[in-house]
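In order of appearance the chains are A, B and C, and numbering begins at 1 in each one.
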Amino acid sequence: MNAPALLQVSAVSKRFGGLAALEDVSLSVGRGEIYGLIGPNGAGKTTLFNCMTGLYDLSAGHIHLEGVPLHGRKPHHIVEAGFARTFQNIRLFANMTALENVMVGRHPRTRAGVLGAVLRTPGARAEEAAIHNRARELMEYVGLKNKGRTLAGHLSYGDQRRLEIARALATEPRLLALDEPVAGMNPTERRQMSDLFLRLRAGGLTLLLIEHDVKLVMDLCDRVAVLDYGRKIAEGEPALVQRDPAVIAAYLGGDEA
Amino acid sequence: MLAVLLAALPFLIGAGLGNSWVRVLDFVLLYVLLALGLNIVVGYAGLLDLGYIAFYALGAYLYAWLASPHFGLHLPFWMVLPLGAALAGVFGVLLGAPTLRLRGDYLAIVTLGFGEIIRIFMNNLNAPFNLTNGPQGMNLIDPVSIGGVSLGKSLEVAGITLPSTYLYYYLFLAATLLVIVVAMRLQHSRVGRAWAALREDEIAAAAMGINTRNVKLLAFAMGATFGGLAGGLFAAFQGFISPESFTLWESILVLCMIVLGGMGNIPGVILGAVLLTVIPEALRYIGDLQRATLGQVVVDPADLRMLLFGVALVAMMLFRPAGLLPSRQRKREFSAQDGVAEQEQASLYDTKA
Amino acid sequence: MDIFTQQLINGLVLGSIYALVALGYTMVYGILELINFAHGEVTMIGAMVALSVIGVLLGASPDLPGLMVVIAGLLVAIPACMALAFGIEKIAYRPLRKAPRLAPLITAIGVSIILQNVAMLVWGRQYVSFPAILPRGQHEILGAHITDLQIAIVVLSLLSMAGLWLLVEKTRLGRAMRATAQSKEVAELMGVNVDRVISYTFIIGAAIAAIAGVMVSAYYGLAHYYMGFMLGLKAFSAAVLGGIGNIAGAMLGGLLLGVIEALGAGYIGDLTGGFLGSHYQDVFAFLVLILVLVFRPSGLLGERVASRA
């Protein structure tokens, strides 16, 4: 790495009781990279996401985004710092419309409070209109143009994944972390998703990707890190990592990958 | 059309059912106010508050302190009402700040405890110095008076005599309309969306950059403020308050209203408040009915009232959990099981996209 | 007379009753994560049923030995409460097991209101007094008084707790309960009939509640349709204090709360320079509850239960 890292994870450990879910994990993600995080089930990938986004407290270690410390910060601070995420098991606001979901994502970038809302001040109305417009743009961008009024919970699985990405994008992240974004999708949908990722990267966004689909990771990612039993066992270009004996050993007897 | 009906309502009811029902009508509006306030906390933000009536009590007692012979203060209502609302709001924050990180059902019990503590203090603070006059309560509270016209007395306008209950009807109607507008505007705002997100999925809400603690506190404070406002109006209207008006059962009654009507949905909440205020009044006729048919009152209708509420709560949860007029959200939420199945099916069969 | 020792004894006696009721809350919470709001009312029904039986027996022959009459009342009250709790769980809670969390809590409140008002219709609005038929011996220890009744309450409480402890730790049912509390899904996979375990949990809690109900009415010499409410809240506070879901915690929490209340009521006047009097006794339970939830939501012996993912 020559360029300074966008995301710097330094020696992060996370223990639940006596169980070490993450052990001394370090990695750095450069600007504009698509960085893959792979590993067998239970290797600690989602735990790392939860640590990075403030859902879990770190047992040890530091995390910085553009030099700003994220460790010990609340989830909403981390979003404000420019780190957005999606969830492995899709956590949309199922009973709100798709558009409302994306509008919620504008929350950290807008200001209107109770007074603005109650008095309908010009400022609050302009902001509300802007939220609305931006949300529609993002819906269109991810390919959900005419689904704005559908309840999020009624969308198809693939559309829900897309909506989660739109919602995360609404927070104006510099880094978007996606937890198994193509799980359960058919090949067509997967291709559409990887196109979307490439477009996002072309727009200047950095992507951090947890994925089981090794082919997608190999095709898409600039670099990958492999976690196994909470430790990073390899990092580097996909083609090299794929031949790493430690990685092969970790996957033997694991998934079909 | 609706405006004409609302304006004429006390005359229609007064002519049709008698003036005592106009008084009931006034109470309906007070409960609508309360229910709308609690709806912000429970319906919008999904926080179960079982001590809500404490904020009503605070508003009422503040009004009594500042506008009655008790301390010899007689401040005008336009000063006292906002103060009461603000005091309740502050207490909402004070109670909320330490407790809002608790899980929902714990929060319910803590708020319940808070409500009881407030009531116990109201009941006992007649010594060593007399703050609340204890269980006897405080009376001779000033009526609201607007431009020198007291709403506590009948008013003659253009040859028509408007009894006090009619005058308060219009005041309460104005307050209710105001609160409805505020509640609706909040619901469809950045703040309202944050509340809804919080209710739907707190983790996802936090991951969208929502400061969940502050947003919850805001809901608590807003609900408490409305409660305090309603409490002040109640004290002025009644002229008398005592701790008995602020028991846990009043909190539960208001909760019943929004559960019955449809949590989160303003028309539903209004319907619930109307039904649960009017039905107990109508139940009084069951006493007369018993006297007429059985020669004596076997079951005191007042005793039946709470029993029916209990049955209604259980039955609603079992058979129509989203309420009589459910909001779009709640309807789906309570049929979440079907929703999940649907979703899984969709993911299994959806291959086109 | 030594006031401190006396309040301590009173507190331990009352606390052992709280502990018994708290067990019912904690067991149900441990398995279902439900605050069984109606549990206090089950306790009240236990007291009322026992008093009715006692009344009938004394009416039939006033010369029956008092202790026997009370035991007969208890033996009717226990199965009555067990049947009641079984019914409540089946009708009001089971259908809502997969509903949002607020739903069963609201039905629990509804059930609580129903029981209170049915009790009011059946037994009236007045206090029902507990006839003075129990032995009334009094002993002196460390400068304080302790009555036979107080001793009996503590001993019976300890026996009930020991019995429950054995049941949970040593029997098949107990193992199934512990497994279900850990994870309903896993227990089910292991062949545990989860529905039945849940029913048993309610039933056992209710049996203990019936004992507590009889004890509390014997202690105060009266019962009332409203008594379950405050008793239930305090017992719940005790369960939270000890660490909800934890059986030993409920026992410890109950005893502690009883002592805190008794000492608090005894000394609050001095502590506040006469500003607050002993009629604030009921405030202590809520203060303890709020303080515990704020500073140590897991309770004294419990695991972490504050909001988690």
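By definition in this document, a contact is a pair of C-beta atoms (placed from the backbone, for glycine too) under 8 Å apart; a residue touches a chain by one contact, two chains touch by 3 or more.
The structure displayed is predicted, hence computed values, not measured ones.
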Geometric centre: closest chain by C-alpha means: B
Chain separated most widely from chain C, comparing mean CA positions: A
Centre-to-centre distance between chain B and chain A (centres being mean Cα positions), rounded to whole Å: 42
Between chain C and chain B, distance of the C-alpha-averaged centres to the nearest whole Å: 32
Inter-chain centre distance, chain A versus chain C - centres from mean C-alpha coordinates, in Å: 48
Set of chain A residues in contact with two or more other chains: 55
Where chain C touches two or more other chains, by residue: 309
Residues of chain B whose C-beta touches two or more other chains: 203, 333, 336
Interfacial residue positions of chain B with respect to chain C in the complex: 42, 46, 48, 50, 98-99, 101-106, 108-110, 112-114, 116-117, 120-121, 124, 127-128, 202-203, 248-249, 252, 255, 259, 299, 303-304, 306-307, 309-314, 317-318, 321, 333-334, 336-337
Chain C to chain B touching residues, read off their complex: 33-35, 92, 95-96, 98-107, 109-118, 120-121, 229, 233, 236-237, 240, 274-277, 279-280, 282-283, 285-287, 289-290, 293-294, 297, 305-307, 309
Sites on chain B touched by chain A in the complex: 181-182, 185-186, 189-194, 196-197, 200-201, 203-212, 218, 222, 328-330, 332-333, 336, 339, 342-343, 346-347, 350-351, 353
Footprint of chain B on chain A - complex, ascending: 53-55, 74-76, 79-80, 84-85, 87, 91-96, 100, 103-110, 112-114, 116-118, 120, 124, 127-128, 131, 151, 153-160, 167-168, 170-171, 184, 186, 188-189, 192
